[in-house]
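Per-chain numbering from 1; labels A, B, C and D assigned in written order.
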């Protein structure tokens, strides 16, 4: 049955993508002209992150913060302030442009530039999450090539798995749209980043249903949140309650992604999967 | 009053469209470049289907799996593994391109290609569901011409009916948007396949309301699900509860589509309807 | 305080727009090629209307059915079958194209063509509702010119009012998006007619809140439904419960639109409003 | 800890944007052709505002009404009728075109024209909210230049803050999409101003969650409503209940924006922030 979950019914990784202005700028640098939009995004690192760090300390649970290189670069003390609280900082591209929107060379350059930012700040990184989860077929190899041990962008399972690459295999800690706060809370008219603002009552009800199902199937509950969204007062209180109830369940293990990835590596029952691009006949499917 | 429902207050057909990558590829083969998107779709046959098969065994209820020919072809043992568990496999086009997006010749070629795949795998098929339910006026005749006895793509009633064709009549097992998990759960930004991710609590509440109404009007509750959506832990647990409660009601009959279609054929109170394309004056309605 | 409500806390007009294929064809006659879509729309008159008529009889409440001329013409007995049950049939354009999408001459021709259809079927009509509620500034005058006494397309109040025209004033029975089943239940991918399918539990909760508020402010609860939507089993059962609870409240009056319009005419406290197109400076607002 | 909140757990500013026809006309003056749409918008000042004023009197709480100059100009007694009831009227642009959609000169001219309207009506204004919250980097300086003391368009915090300008600093009373009734209630098909109409039960549940969170973090609950939306019977009743429950909590202070802004100015613990447009490299982010 494997050892990666250390006997827990389910493993929870709380992850926060500290995107700040980058997802908006990736839609066009002209959006920097919009002061309201910029203030909407800066709320994340300025207000959301400190509040989240305090919550995690109150709850005594670890978390992983995926930060674009551009954000770490423009807010020099940010990444370190997170590491100092015992949490993990991980690679989330440089610019928050999706790999699938770039050429292979552009993806590599963007990837490397983020590595250099963290290196210059002496932030040791062990894993990667693609911007907008838009991983290309090259992404796993880049992760391996730059010495990282895990990725967290794919959806091929709801339990950790290993992916073969040209170099060493990497661990995949899969995500899912239903465990992302963006689709529930995000709203901006231009760029259009969301349609409906849901109540945290609905959102945590849905997450609770998924976690309870995962406790039956022994899965990874890899929750993706954004400080500019989940840092809001009503939402962070709902998250607090969600964590409290999960701790009370008593059979769930909270982990940083890097620690979980190491446990997956050490699990002899898991063998690397070779991912193959599906063959697509041009006479059947148009471009 | 008819015999098709065998005295039950309502009949339930659990159906699963095992689309895998096809609905995304039908939007453009370029989407095969997106590793995350491909992993999102492969979750269906890889993780969702085995979990669903186990649930059906636990509940001891039969189901029907509509599979595109392309999917059956690229995953050789898949269709047979479903049949071996006592369930039905049915025709769901070859490529998952909608008939209304193709010429009549293209629709026929696509239809036939799927027939050949199932024939080569010795999977006996008895019915058809159009990709995206996008049936053309030619579709019922194709169903009859290739020897199938039923279609399940239309919405002209909420009870089974018969459709006259150039050949023998076929049975229609009608579907509806409100009994499809896609509109409730599906989300991908590109191709854009959905806007809001709903909680399974809301979804099963809505399905419960519809089934309760159908028990009053003696209807067919033809539920359409997708393994890459409803195979997720929280959703499959909600489906489990839904099935359990339905079994407890005691007045609902679960059937495979093919068995229900046969019962409809045997019901002397049902006469074939002749479907006629509405006459549309060009001076009233623009193209 | 007026007499139009006859002392009731609120007045309810149940209205059903029997649109059948017309709203889809108004988006383009090419949609007639899509058999599923056509079946989706024909469900309204074929299945929804008889079920609704039975419900109204069970509840012993009157209703008003707005029917496009095209629909009445192509289903010759439909309008009469509704009148025979004691309900009102009213004018809902000929083609279900919005007046704001037509020239003044086109609107007039479409309006007149519907009048002729009802006249030829000996269906006496007294009121009008614009297709898609898209009334033009000419619409009220057309209503008066063709001898109708009320319109039901505007949103300038939540109580009936009178509108001055070039001829006699007409009564306006205002509608609202929040009292329309379309925005809650409608879904078709192409033409795109809706995004989210809501549960009838939410919908009737929202309608209940509005009716309760209207009972405080003595308003008109003018509910707009569509047989192809609200005729579905789960939704019609929710409507049944909604009507039952409203009847139990004991202070709400149900009326046909024509009877209410007559009561408004007879209410000396109501004076016609002169509607004026707002002056819009071209230097402030672009075209 | 500051003094701006006067010891309350949270401060509530009830604000109403009396937009009337302007947000629709800003999408194109051609929309004035649509009588229904115009009636939908005029409901705000005609029906919603008087109802809201009565509610505020019943609850004995103050509010702030942001009015576009065009609206005040075309409804001469409107602004004064609000001031006479003890509430605040504030600047909401002239035309309700977003600053980010205009040149700097256009924004200035629009800003000034609204100042002149209020001056000519002897309505003393102290604050500003950008149309659609679309503040440009110039907006805060305009606010200071025209002698206003606060703006309410940004989202950089959920507590009041000060912004440095070329002249004196101004107070920012931040807003947020989740505390706006527009995203919950607004619907029009053309111009498309919203997708889903939510129940007031959900909306006040969400606002309650946010206010409760804000009571923990001592924030500003700056609620933005629109009379054409929240003036509807069911919604205003939900607002009534929301205010009643908030008053009962006993630890929340209700204020007009101008009074709160003055308290922020008087709070020695708050220092002006210098807002800086983020540097955006053109080689990283496309236009």
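Heads up, the rule we're going with is that a contact is a pair of C-beta atoms (placed from the backbone, for glycine too) under 8 Å apart; a residue touches a chain by one contact, two chains touch by 3 or more.
As the structure is a computational prediction, the values presented were derived from the model and not from experiment.
A.B. asks: Which chains make contact with chain A and with chain D at once?
C.D. replies: Touching chain A and chain D alike: no chains returned.
A.B. asks: Rounded to a multiple of 5, how large is the rotation, in degrees, that superposes the C-alpha trace of chain C on chain D?
C.D. replies: 90
A.B. asks: For the homomeric pair chain B and chain C, should the interface be classed as same or different, according to whether the shared residue numbers exceed half of all numbers used?
C.D. replies: Under half of the interface numbering overlaps between copies: different.
A.B. asks: CA centre of chain B versus CA centre of chain C: separation in Å?
C.D. replies: Computed value for the inter-centroid distance: 34 Å.
A.B. asks: Please report how many Å separate the Cα centroid of chain B from that of chain D, as a whole number.
C.D. replies: 48
A.B. asks: Can you list the residues of chain B that touch 2 or more other chains?
C.D. replies: Expected reply: 195-196, 198, 202.
A.B. asks: In their complex, what parts of chain C are in touch with chain D?
C.D. replies: Those in contact with chain D are residues 100, 130, 132-137, 139-140, 153-158, 174, 176-178, 183-184, 195-196, 198, 202, 205-206, 209-214, 216-217, 219, 275, 277-280, 282, 284-287.
A.B. asks: Across the complex, what residues on chain D touch chain C?
C.D. replies: For this pair, the touching residues of chain D are 21, 25-26, 28-30, 32-36, 38-40, 42-43, 46-47, 51, 70, 74, 94-95, 97, 185, 187-189, 195-202, 232-238.
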